[in-house]
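Naming follows writing order (A, B, C, D and E), and every chain is counted from residue 1.
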Amino acid sequence: MPTPLLEVKGLKKYFPVTGGIFSRKVGEVKAVNDVSFEVYEGEVLGIVGESGCGKSTTGKALLRLIEPTEGEVIFNGENITKLDREAMRLKRRDMQIIFQDPYASLNPRHKVEKILSEPLLIHGIGDKEERKRKVREILEIVGLPGEHASRYPHQFSGGQRQRIGIARALIVNPKLIVCDEPVSALDVSIQSQILNLMEDLQGQFGLTYLFIAHDLSVVKHISHRIGVMYLGKMAELAPNEDLYSNPLHPYTKSLLSAVPNPDPDLKTDRVILEGDVPSPSNPPSGCAFHTRCPECMDICKEVDPEFKEFSDNHFVACHLFNDK
Amino acid sequence: MKKPVLEINHLKTHFFTDRGEIPAVDDVSVKIYEGEVLGIVGESGCGKSVTSLSVMGLVPDPPGKIVGGEILFRQQEGGQERSENLVTVKKKRLRQIRGNQIAMIFQEPMTSLDPLFTIGYQIIEAVKKHKKVTKKEARQIAIDKLILVGIPRAEEIVDEYPHQLSGGMRQRVMIAIAMSCDPEVLIADEPTTALDVTIQAQILDLMKKLNKENGTAIMMITHDLGVVAEMCDRVAVMYAGKVVEEGDVRTILKDPKHPYTQGLIRSLPKMNKREERLYSIPGNVPKPGSIKIGCRFAPRCSEAFNRCYEENPDLLELRDGHTCRCFLYEKEGDLVNADALAGS
Amino acid sequence: MESVTPVKKQPMPGPENQEPHLTETESISPWKEAFWQLRKNKLALVGLFIIIFFIMIAIFAPFLTSYSYQTLNAADRLQGPSAQYWFGTDDLGRDIFTRIVYGARISLMVGFFAVTGALIFGSFLGILAGYFGRWVDMLISRIFDIMLAFPSILLAIAIVAILGPSLQNALIAIAIINVPIFGRLVRSKVISIRQEEYIMAAKAQGMKNGRILFHHVLPNSLAPIIVQATLGFGTAILEAAALGFLGLGAQPPTPEWGRMLSDSRQYIQSAPWTVLFPGLSIMLVVLGFNMIGDGLRDALDPKMKN
Amino acid sequence: ACGGNNEPADADTNNNDAGTNNTSDKTNNEADESSGENSEGDYSLAEDQTLIFARGGDSVSLDYASVTDGESSRVTEQIYESLLKFDEDSFEIGPGLAEEWEVFDDGLRFVFQLREGVTFHDGTDFNAEAVKINFERWADPDHEYHFADEGYTYSVYGTQFGGFKGDDGHVIEEINVLGEHEIEFVLNESLGAFLQNMGMSYFSITSPAAFEEHGSAINENPVGTGPFKFVSWSKDDSIVLEKNEDYWQEGYPKLDGVIFQVIPDNSARLTALRSGEIDIMDGLNPDDVEQIESDPGLAIFERETNNIGYLGFNLDKEPFDNADLRRALNHAIDKETLITVLYAGLAEPAKNIIPPSYMGYNDSIDPYAYDPDLARELLDEAGFGDGLEFDLWTMPVARPYMPDPERAAEVMQANLADVGVTANIVSMEWATYLERTEQGEHDIFMLGWSGTNGDPDYFFGNLLHSDAIPGGNRSFYGNDEVDSLLNQAKNSVDEDERAELYREVQEIVHEDAPMIPLVHSIPVLAGSERVKNYVPHLSTSEPLTNVELAE
Amino acid sequence: MISYTIRRLLMLIPVLIGMSLITFSIIHLIPGNPAQTILGEQATPQAIEQLEEQLGLNQPYFVQYGNYMMGLLQGDLGTSLRTKASISSEIWPYLAATIELTIFAMVFAVIVGVNAGIISAWKQNSLFDYTSMLIALIGVSMPIFWLGLLEQWIFAQNLGWLPAFGRGNPRDPVETVTNFYLLDSIINGRPDQLWTSFKHLILPGVALGTIPMAIIARMTRSSMLEVLRSDYIRTVEAKGSHTLSVVYRHGFKNAVIPVLTVVGLQTGTLLGGAILTETIFSWPGVGRYVYEAIGNRDYPVIQSGIIVIATIFVFINLIVDLLYTYIDPRIKY
């Protein structure tokens, strides 16, 4: 296996919960609680999990858009958590992000032209003419007519805006793009357009994606390997086919079975979980999943299972597989 | 054969905004039969919610107005069948039906409960409106309904406030409110869209149970074909304010006729097989009213021909109960004009 | 299969989410969009008309009247409205119409300078507080709290007392009491816009903080500030009139409307027009600004309330 | 002094009878015809004999000697009395709490025989000891009833008697109690105005027992010997007084009670008068006089003038050290217009700084006539033909001599503009105004002066004597000749001599023109026709002993 | 919640200290001298000097400030330089007058404003909506002193329906117990005086209440519009509930918080900002008290007056905040 492009070790992000008028810290939201994984060059690593499990926080923390509380992020052999502000700022050329909400992530007062050329300007790429040319080019690449550069975001539909978001991430030629649920706000027919576009671009520019989604079928479609998160922790991480054909973690199993399938012939038996996801500000002791786990054992209530490689390239954090 | 409880004929609901008239629902006809689950699918903005709100008489007015068609609500009353047009019925009568015989649940469980009143109050409010019961009885009904929708600690939860519950629980409460008067028809507008898959599974399960056990007819609005496959007996597919195809669930999912339905199903990433490239429908979803003549889908349709841009196709009955709005099938001999049938 | 989490998607898309209704190549800035919106607002147009009317009056004052606003005419004291004196005369025999026409200059100027002053200082402090946060925010916010807990009219009176009564000083006092209003607004806008996703996007591109502040945060906070400034015009004019009424504003013979009111209030019985017209003028100008402000708010910033 | 002229013995009875008669005559003459038909006893009394007197501001304190505002003395006049008493319509003094008095040693020793059988409102007896305590408390900052620690000062005492105990100029050497009802004042220097001072309301007598009881709260718990007793005071609203049943003047007061009501707004006050909610109002807007005169239910009460409003130059500042300029500007001000516009005719144009009724008033002075052409000519001669610009300082508050100073400034500004002089009106707060004019920061300023004891020295000494710099002499006028004439007049006890000296002073001052005397205003009050026997006194306040309300 | 209240009260201390410091600095920056104003234009410089010394005005500022604060800590607001009266006892009648007027004005403003706002929102774009919002717009644009003058002119002077000044009939003064005349008349068992006092409140109350009324109406309307558009209102309607229940019970309860905030802020503003109304209607209120004190440079009165007003202001906001928790179960302190 090649060396990883991105290595995340023990990443943690705790948000302080403040209360009272003196804004004292009264607790913590453990949004990301000790997550480790690697992303290889040219790979798409999918991350799935239910709402609030810390997917976005992971993505943003590893880009240092949110300062991580703890842990290391090694990008291209360099520990970027140690970089100073200016160095980090320059590093951003190589690491970009696409956001979930195509409405909120574009500055409504800037023309597309400005939105797209700003990253070039910041990183001192090209002169005015060249930047203009590049903007048109990238617009064509993401499937929008070049003239649209003179429009404002509100003049586009959701799918078109997401294309602009992609173009913005792409224009500085990054190595890694964190895609934070780039298609979940889109209609089905538009979603497939964007997924195709993203796949095409990956091949064309040799990109590496960290693809965050909560839609298992989307992740399955696009990723090489998939990580499943639950309450700020990685529950399972495995190659695509492996995960779907042989899920280990009880959570993964129930997640997979809960997805309604549009094929009426494929009615499977459901594992319907009881209860709700606990709050990350007050996670259960031991294994975070034990409150809902159909196979819960005594040890699960006390000991947090380790995230270990169970079989080749298949990691899982569950006591059921700990003995091995 | 089962009888329709709710029959929507040529419904037209338009919005009169300062940017012009928007035909959000443009000539929609669907029927819901006793005890069945009818799915309505379609992409964002195609008029699903407005259709359901029209039934409830809750279209925000201004700017919205039902400008045409009828909504017939049929019920047995002492052996007699009685049918009322909800479009023309008196406001007061509508309020009697609403919440009692036709109930509705909404997409956003987080915002659909009044944050300032207890769960119990909000259920009791519905009960007391329609039934002559004492305070104590009403409270008991509330608790019973909470138990019915599978809420643990129902006795305590009645006195709690919505913010103390999770999204899934709130959606259960919404269902409890809707079910509080044992309605004949339950309209569910994307009841699980905002929920996580594991919670969605719980809610869908619950709704199926209610449908089976109470015989409540459900109009299930969704844009998730997976949910449709799970839940529905029949499906209507909407596109830009019009129903483009309708039929029983297997037919629509397995053998769709309309190019839009076909494209929609093909563009879904599949769980069971991994394809290299997804099919995608080119172009954008049009807003209602932006295409005035011709088939609304024509600009995105791979099989469109000249006529599609010039004439509005009618809804045609292809086979028993399977209708489709497309010129491609007009040549087939045994077609019946479904539009002509509806409302007759 | 899929299920969507529509984070910000409204269940009922309002008109603002409508598909662009324009030709393919046209580019419409949010400002233009707002302007269109404003043009449809009849009340705002009326307001605009009123203000333009008063501005014209102020500019062309000397051409509108043949009288002087300060020359006395003891013979024609307290004359009622007539063809000769449209709005009558005051107790010194001066034409009230003339004084009101010239007074428009004063009121508009007061509004303009007071708002500008308050805007500049308020924005500066608000940006400091909102952008640097921590103790800077704490300090500035507490100062704002204190200033807002003061009864503002008393504060203004005290400030004028220090500086001495004059139009200029009344202006300064009004600007000062309005500083915390703008300051708080700017602060809260800066804070809320900093949390927008496009700001994070800008950061993700490697943008420097300064650029983020000036190219992204500030332009996007502008709309509510403009709205507040417009409404602030009205408030400032009212406050100036109140100070004038207490004799703490413009000094005679300057035809300041509030001052005209207080000078003639004792004639309300015998010569009601001396009280009626200056008051009406104040009300109209302020009404004009409020109408525009309301319209602007609807057009620029539908979510901002009050 | 003029006290010696009086025959104390029969003045007592005379005072009442004549006073009553005079009053009704006067009122009737001055009011319009409708009330002219009335003669004494021609009316029947109203059942409710409570009079409501409305005014623009509240009293500051009911400890009369510690404050100088007219609103305070208006009330304390009812509660307290001084040893001597002014005539109802002049500054002539007559017996008050003292029935008789004698002057010895060329005005260095005064002996007063006090009235017997007078009791304070608290029931204690009025006697010589009480008088002594009152005077000593004012004079001695260390006196236990001086309340210096609570911030009390008795500035009028200091002004009228040359300072306080221990000061160089303090004239009262000692006060001796000669008997229960006999008291002696020994002065170390003669003081022309001593007896006049004794009539001032500032030197009324408070019950010593009340000092004992209320301490420094005496200002809110007045206990005197006057016709009315204090009942209650709600600040900025009303002060309620009731009849003193044990008043020493048999059959008086006529009223059952008096309420002093504060109504700051002029027009509201007038409305209240019209609707009968109040009986008398002060601070009438001159423009309303005509209206009131035509209203049969209402009457106007004129107070004789006792003040001067003037426009002063700062002689310390260029170019106002130029007497030619000052004289020129004197011709530029149109006093007549001023009087019509601002006083509705209720004022006399001034040519001297003392009111015309005063002793020593020099009527032979030829006033600077209003003549813009002449003024322009003189200005040209003085070298200001090309114009002149200065700040015209204007006070921000209405004073008795100037009901609307800012309006007046506007009028004068216009007058000055006529002769090519630009005057910029400068206004500032009252406190600031007084301080800064005293320090001489002004060019030209507007101010005035009101008499208190009817003595001309109070005007001349304060406004024109160089000793009053800094102080009342805000023109910074200093003329040695004038100074010495004034000194002579002040210490003389011969009235004719004094009058002659003052006449001389006025001639010099007229020539030097340190100020432009504007007007002597005639303050007017309005009242209901029902109010009988009300005679406003020059000193801005008067006891309402004789007043009664008709049906 | 108790601990929240306590913490809020503790927070008051720095605000009050800041406020007293600012006030103190401001009033000492004001040129002019209390001794001068007390003694008037006819005073001699010696007398002024002497008085200054007696009043302690020649001490350094910080000493004066320290003395004042020491007194304040002991609950003593000081003594008026001018009237020599203890401010602690003198200020109450003024305050009571203002509070009574303010409450009356706010009750008027709230009743009219809230209902106008609710109905306007409910019947959006109706004639009622247009007219009441136009009136509200005019209301916020009106100089209140002008409104006061017109009211007085029309209703008191010309029509004579209502009294033009003061709090009661001077011939029949209310015997004060609490200094709230309405309350005192009841305590004294005097319905006639109750009626008189009420009549006296009407004109100044309406003048003072107009701006808050207009603001409240506008606020209520916009807040209601937002609420009426919300999902949970749709839920209530889907239950078939009656419109009144929808609009008032669910709608208004949800819309009330911003309205309450405005009510709190406006009440605070009126308390200290009623100077003009108080002057026009001869209302012996605290605004005028402080205003006159500024003119007279009566330092302790200015200082104490502002501190008392500001404290009340802060307290009102605290009460409003506590009311939130009562209305909205989501808010917890």
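Here is the rule we use: a contact is a pair of C-beta atoms (placed from the backbone, for glycine too) under 8 Å apart; a residue touches a chain by one contact, two chains touch by 3 or more.
Listed by chain with UniProt protein names: B = Peptide/nickel transport system ATP-binding protein; C, E = Peptide/nickel transport system permease protein.
Source: prediction; values computed, not measured.
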item	value
Contacts common to chain A and chain E (chain labels)	B, C
Chain at maximum distance from chain A, centres defined as averaged CA atoms	D
By count of C-beta pairs in contact, the leading pair of chains	D-E
Euclidean distance of C-alpha centroids - chain B vs chain E, Å	54
Centre-of-Cα separation between chain B and chain A, whole angstrom	33
Distance from chain E to chain D - Cα centre to Cα centre, in angstrom	39
Separation of mean Cα positions, chain D and chain A [Å, integer]	90
Overlap residues in chain C, where contacts from two or more other chains coincide	1-6, 9, 11, 19, 161, 164, 265, 268-269
Multi-chain contact sites of chain A, meaning residues that touch two or more partners	51, 157, 188, 191, 214, 217-218, 259-262
Per-residue overlap in chain B, given as positions that touch at least 2 other chains	44, 60, 106, 108, 197, 200, 223-227, 268-269, 271, 284
Residue numbers on chain C that touch chain D, as the complex places them	70-72, 74, 77-78, 91-92, 161, 164-165, 247, 251-253, 263, 265-270
Residues on chain C engaged by chain E in the complex (per definition of touch)	11, 43, 142-143, 145-146, 149-154, 157-159, 161-162, 164, 234, 238, 241-242, 245-246, 258, 261, 265, 268-269, 272, 275, 279, 282-284, 286-287, 290-291, 294, 305-306
Sites on chain D touched by chain C in the complex	265-267, 270, 285, 287-288, 291, 337, 340-341, 396, 406-407, 409-411, 413-414, 425-429, 432
Chain E - residues contacting chain C, complex	14-15, 18-19, 22-23, 26-27, 29-32, 137-138, 140-143, 145-146, 149-150, 152-153, 157, 215, 218-219, 222-223, 226, 231, 258, 262, 268-269, 271-273, 275-276, 287, 290-291, 294, 302, 306, 309-310, 313-314
Chain C residues within the chain A interface of the complex	1-9, 16, 19-20, 22, 24-30, 33, 196-198, 200-208, 211, 215-216, 219-220
